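Report on the following structure.
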Amino acid sequence: MSATDRVQEILSWYGSDNPGTLTNLARILNHGRLGGSGRLVILPVDQGFEHGPARSFAPNPPAYDPRYHYQLAIEAGCNAYAAPLGFIEAGARDFAGQIPLILKLNNKDSLLEEKDPNQAWTGSVHDALRLGASAVGFTIYPGSSERFGMYERIRALGEEAKAAGLAVVVWSYPRGSGLDKAGETAIDVCGYAAQIAAQLGAHIIKVKLPTSHIAQDAARKVYEKEKVPIESIADRVRHIVQCAFAGRRIVIFSGGAKEDDDKLFAEARGIRDGGGFGSIIGRNSFQRKRADALRMLDTIMKIYAGQA
Amino acid sequence: MSATDRVQEILSWYGSDNPGTLTNLARILNHGRLGGSGRLVILPVDQGFEHGPARSFAPNPPAYDPRYHYQLAIEAGCNAYAAPLGFIEAGARDFAGQIPLILKLNNKDSLLEEKDPNQAWTGSVHDALRLGASAVGFTIYPGSSERFGMYERIRALGEEAKAAGLAVVVWSYPRGSGLDKAGETAIDVCGYAAQIAAQLGAHIIKVKLPTSHIAQDAARKVYEKEKVPIESIADRVRHIVQCAFAGRRIVIFSGGAKEDDDKLFAEARGIRDGGGFGSIIGRNSFQRKRADALRMLDTIMKIYAGQA
Amino acid sequence: MSATDRVQEILSWYGSDNPGTLTNLARILNHGRLGGSGRLVILPVDQGFEHGPARSFAPNPPAYDPRYHYQLAIEAGCNAYAAPLGFIEAGARDFAGQIPLILKLNNKDSLLEEKDPNQAWTGSVHDALRLGASAVGFTIYPGSSERFGMYERIRALGEEAKAAGLAVVVWSYPRGSGLDKAGETAIDVCGYAAQIAAQLGAHIIKVKLPTSHIAQDAARKVYEKEKVPIESIADRVRHIVQCAFAGRRIVIFSGGAKEDDDKLFAEARGIRDGGGFGSIIGRNSFQRKRADALRMLDTIMKIYAGQA
Amino acid sequence: MSATDRVQEILSWYGSDNPGTLTNLARILNHGRLGGSGRLVILPVDQGFEHGPARSFAPNPPAYDPRYHYQLAIEAGCNAYAAPLGFIEAGARDFAGQIPLILKLNNKDSLLEEKDPNQAWTGSVHDALRLGASAVGFTIYPGSSERFGMYERIRALGEEAKAAGLAVVVWSYPRGSGLDKAGETAIDVCGYAAQIAAQLGAHIIKVKLPTSHIAQDAARKVYEKEKVPIESIADRVRHIVQCAFAGRRIVIFSGGAKEDDDKLFAEARGIRDGGGFGSIIGRNSFQRKRADALRMLDTIMKIYAGQA
Amino acid sequence: MSATDRVQEILSWYGSDNPGTLTNLARILNHGRLGGSGRLVILPVDQGFEHGPARSFAPNPPAYDPRYHYQLAIEAGCNAYAAPLGFIEAGARDFAGQIPLILKLNNKDSLLEEKDPNQAWTGSVHDALRLGASAVGFTIYPGSSERFGMYERIRALGEEAKAAGLAVVVWSYPRGSGLDKAGETAIDVCGYAAQIAAQLGAHIIKVKLPTSHIAQDAARKVYEKEKVPIESIADRVRHIVQCAFAGRRIVIFSGGAKEDDDKLFAEARGIRDGGGFGSIIGRNSFQRKRADALRMLDTIMKIYAGQA
């Protein structure tokens, strides 16, 4: 698992982190089929908690079993598997050492929809250590009136995680009363969400793939005046990556709801061409039959490897 | 108390727990008339706190005495007895070693009804240890705007309980402003409640026996499209069990308000046939005369043993 | 780096602080081109978090890179560089020991504008120590209904920072439902804001350069009766400095949005002539080309040195 | 890095450890040229501390440089590199993620030789986490009057390490007033040392390759009566492995002072044939020229792989 | 204070330390007349505690005054001033920010001479922070039967100091029943002492300038066989530097008792030519008249700057 030059370059951006955190970042970067390339495909499965089990798993019932996701991530050659406490606990012994784990430390359910959503703290740094995770994950909702509480919780847990040599992954998902639906994926808002996660000290940042919509008037003036290119997916990805410390933080993109393969592959090519670091693909992976999912992930990884 | 294959299989699902927690799970699984079968009948008595003493115990006045419930659970051959701090303290010395105990660590009274109910933290992990309990119990209210505070308290107490080798039992009872009355026992909502408890790290999950009602539009689409069978009690139990990590977490069902015996027995048969792990029967046990209760519980246990 | 008489005099005002805090104040006062003069020019870059990355950095794209700001502050000969956790972390190893750092411990984003704004706590005193910062920075919003929470947080963190030998910098920015737009920079309000920061224990106070508007009726009567001179910039600066313990606390002034150079230079002369301690210049520094920024900062420093 | 059946089998012996510890054991077992085979070759370099720098490194001066040992372990394809705090700190950032690390938490110098030697506590579990180590290492001296202090320190640090998901390696080296020189490597004493380490909770046990000498009279009677085979190296290794919980703990053997290659290879074949898990080879690796060391380690690994 | 290439190179050796510690190392390396050169001259004054005040200060009575030493270090242009708690406290406010401080955290008096000397813990990391020190200092006595207690105290305080962003300086002075007088400055023993300090995690190591005597038989064999050059001062310094991680730790040399200037200068040239990092000169500085001391230190610094 000797580090490639690219992995060494990426690690060099995290000069304020201790060698333990660099080791865990390296574990994620060096694992799986894309290991060493500086690109990542991560399998995240928190939908059981976030959307409910039937909405998440009924389309592919074997996915009710927590072992299914460990196995899918391992066989597909993903860089890491991310999930809440219960799912991680349900397989951590059986699959110990077989894939880097990201323990999600906060979660939200959708039995009560709130205009300004929040998250509950559902795991600890100690849980991450006892379960052998390489990183902890958090979600923040920039745009919600509850955001500051989330930023503060993440700051505190992030400080503890870094001291324990773990990496910190932030899902930065704009929503809440400050934004309308289109605003949640607007290019200016997604760029801002990436910046906030980076300023909060995230090592790996997950944002949604943005549209070319601009939500904030003050931002629109600047995009137009400075002629920031945002036409193609690659343009927008390049901009988001720039918003995350000029490319000196790892930014990956989520696919969202189930889509047809051609769209997924076009998005992956856009992420790759725009200098994005990869994808985090949940529903599009586990809501289809296993063989189909492995085929799809195989193509995605070929795209990131420059082979498709 | 050598473990049966079934108990061994159940314990194998909890690979992230330490042997102390497995030992306490085994104590519950191996105790009583159903010991070793992988089925459980638990006597819970928190109604004095939750509904008030007269509403709870006047129908059968000996039940005012905390020793009554210990004795009832022991004589009926239940797997465990669950109660708040005061009731457990009032008998723990006299009945030490005679039945596994579950100390409920939070409780709610009903002198003030709130649209979005919460629970008070009323016991500690240390209390559980000093009283000889095998498990701690918590209630959560998915659907209440107060739910995140409950999830967070449980996370913290659960981490502490697991480190001390105790098992964790979660009562997952949907209610609050996110749900109407029918929604509280809707099949999608109960499945979701089971999933949340499992993701929060519960070892044993208690939910209400659901109806075939579907409360959430987003869920209904999936149930209909995927033709999830929810007609019979057994169908619905099977679905709930699936929602709790594909059957890899112990799920038991509560009976609710006092019912006639035929309905109770039909429900138990449905739970059994659907692969449920058993029942937690409070009011239907202690709000009738002792002999009657023993007779009823005898039949329930026979049903779970495949003898009725 | 032997202390000048002026630096010694300034340090003498902080008699309740320990030698560690004096050492860090001295580091800031003695560093850069104005080192030893008792005047300061600080580069602050929290706009990525506060206003969003594109609004902040698109006018000068190299500024997306966190190293850019370290380098700009070092080459311009600033006394210190101030930024949130992420920006500081992204360069603290590479530029260790090259410029005093001020770690901003709270931040606000602008994806949701609130009438009574608050700030999130985004860094810790321990972060400041591990990153080698000389001071911690905080923003307060006198005039907001959330202000007391900010005062209290700052008090607690300030106490901790002082015990660890760090200096405390407070950005005192009046806003919120207690004030209209004009009130935010009114002379009475800015003077009041400086006083509050000083009373909260700040060592260095940053306020906006005030107008001659008087916002509060009760204050206006006094200003008129006592004929407080507030006509010129120098008059108003002199008054603000007086409001900060008769000049016995370091008060610096921020420029705000990008302005033309003549205005900037006139303001600096006014600050100098009014006995202000210097400027904190963010957007006017990093939103122009680097060479242009270095030229502008060179003139500003010459002004403070009495050479322009 | 999918676990082989053999690695899975080995991990199954550690049922009281949490998944974090299993993950780190798996990292060591799966790394390097022997990865997945269940055999290990570890490079330990604590001689600088234990014997002094000139005695340790003058024979091969590049070995004065801490980076030399990281590189040697990585290029040779060792499973792990073990060293005291200073040596680990001196390379942990540069080689982050390239080889599993074992941080030695106690050390002894030889400027004062004591009849009953002790060890100083020179690193912490927190150090291991911040440096990204997979395991902590300790030395005990059964036979010394100071042994109980060592056992107690190791117990406490081992408890802390296990809670943090780290593996525990114990160097069990009999010496002290209870033993003469021949006794330190006597078969009964080495077997006893392995047992003590196992009883203290070690995951990996390092002992010296024993002679056929029997040091204790009470033991000699049993070895003779039961005709325990101890003639060949393989016989003795088989007995030591049996002494470490019938082979259910990983036992590796140290070579000691510099030896000629034929002897080293014969010993490795004996360890292999007797069911030993591998070698920990310090002085024989780094006290010769690098190319020569790589050649020697290549042969050793071929022997363990059944290819030589 | 922009870092020279040499300072940057030196900082690069400390990859496991946080930016705070690098900042404090840089402060010491960049301060004074040798600032930026990678060479250091430090003024240490702990003789008042170690030898008694009259023995220390009567030869130059102004040196009884703690301010004397601050002023001497500042005027001579030393890189840092090192002293016990009392001396540092007695000047830290008056000289805040004028010279980097090293707070000695342990000390020994000489009212009772013991064969196996120990040190008392006389300051804390918190003291260092509140007093504005850049580093903490410790003394260890390899060769004393009390050494392990000193190693353990230093380990614990070093961990705390590093977490707080301070540098760690270790005085490694062999003495005790393991060594005779000649052994205390023997080349093998001094090299070993440097190695021990480095393995304990010291950033800056202070040893005595060694003689060509070899104290340990086991070492002598190696020095002779490997023909390690130890004839000249430069040879011996080169060897000691090699013993401290092949030159990747800062090693400085102490002069010991008062000597004539020619000998001092010859020693400094030897240290310089052998690649030593500088001198720590106590008694030879403050036990002579101030003007004389400044003249002597001026020559020493010229020697290190290659100008004498």
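Per-chain numbering from 1; labels A, B, C, D and E assigned in written order.
FYI, a residue touches a chain if its C-beta (ideal position, glycine included) is under 8 Å from a C-beta of that chain, and two chains touch if they have at least 3 such contacts.
Everything numeric here is computed off the predicted structure, so don't read it as measured data.
> Along touching chains only, what is the step distance from subunit B to subunit C?
Counted as steps through touching chains, the separation is 2.
> Could you see whether D-E or A-D has the larger number of C-beta contact pairs?
Result: the pair with more contacts is D-E.
> Roughly how big is the turn, in degrees to the nearest 5, that lines up subunit B with subunit D by CA atoms?
Nearest-5 rotation angle for the superposition: 180 degrees.
> Subunit C-subunit E contact: same residues or different, taking over half shared as same?
Subunit C and subunit E contact each other through largely matching residue numbers.
> Could you name the chain whose Cα mean is nearest to the mean of all protein Cα atoms here?
That would be chain A.
> If you average the CA atoms of subunit A and of subunit B, how many Å lie between those two points?
That pair's centroid distance is 36 Å.
> Averaging only over C-alpha atoms, locate the centres of subunit A and subunit D and give their separation in whole Å.
That gives a centre separation of 40 Å.
> Could you work out how far the Cα centre of subunit B sits from that of subunit E, in whole Å?
Their C-alpha centroids are separated by 67 Å.
> Mind pulling the subunit E residues that touch 2 or more other chains?
15-16, 18-19, 163 - these are the residues of subunit E that touch more than one other chain.
> How do the chains pair up in terms of touching? List each pair.
The complete list of chain pairs in contact reads A-B, A-C, A-D, A-E, B-D, C-E, D-E.
> Quick one: which bits of subunit D touch subunit B in the complex? Just the residue numbers, please.
It comes out as residues 15-16, 18-19, 163.
> Show me the residue ranges of subunit C that touch subunit A in the complex, using the header's touch definition.
Counting only subunit C, the residues touching subunit A are 48-49, 51-55, 58-59, 61-62, 64-66, 68, 84-94, 107-114, 118-124, 126-127, 130-131.
> Quick one: which bits of subunit B touch subunit A in the complex? Just the residue numbers, please.
Residue list for subunit B touching subunit A: 13-17, 142-145, 147-149, 151-152, 155-156, 159, 174, 176-179, 188-189, 191-196, 198-202, 216, 218-219, 222-223, 225-226, 228, 239, 242-243, 245-246, 248-249.
> Name, in rising order, each residue of subunit A that touches subunit D in their complex.
1-3, 7, 11, 18-27, 29-31, 74, 92-93, 96-98, 126, 129-133, 163-165
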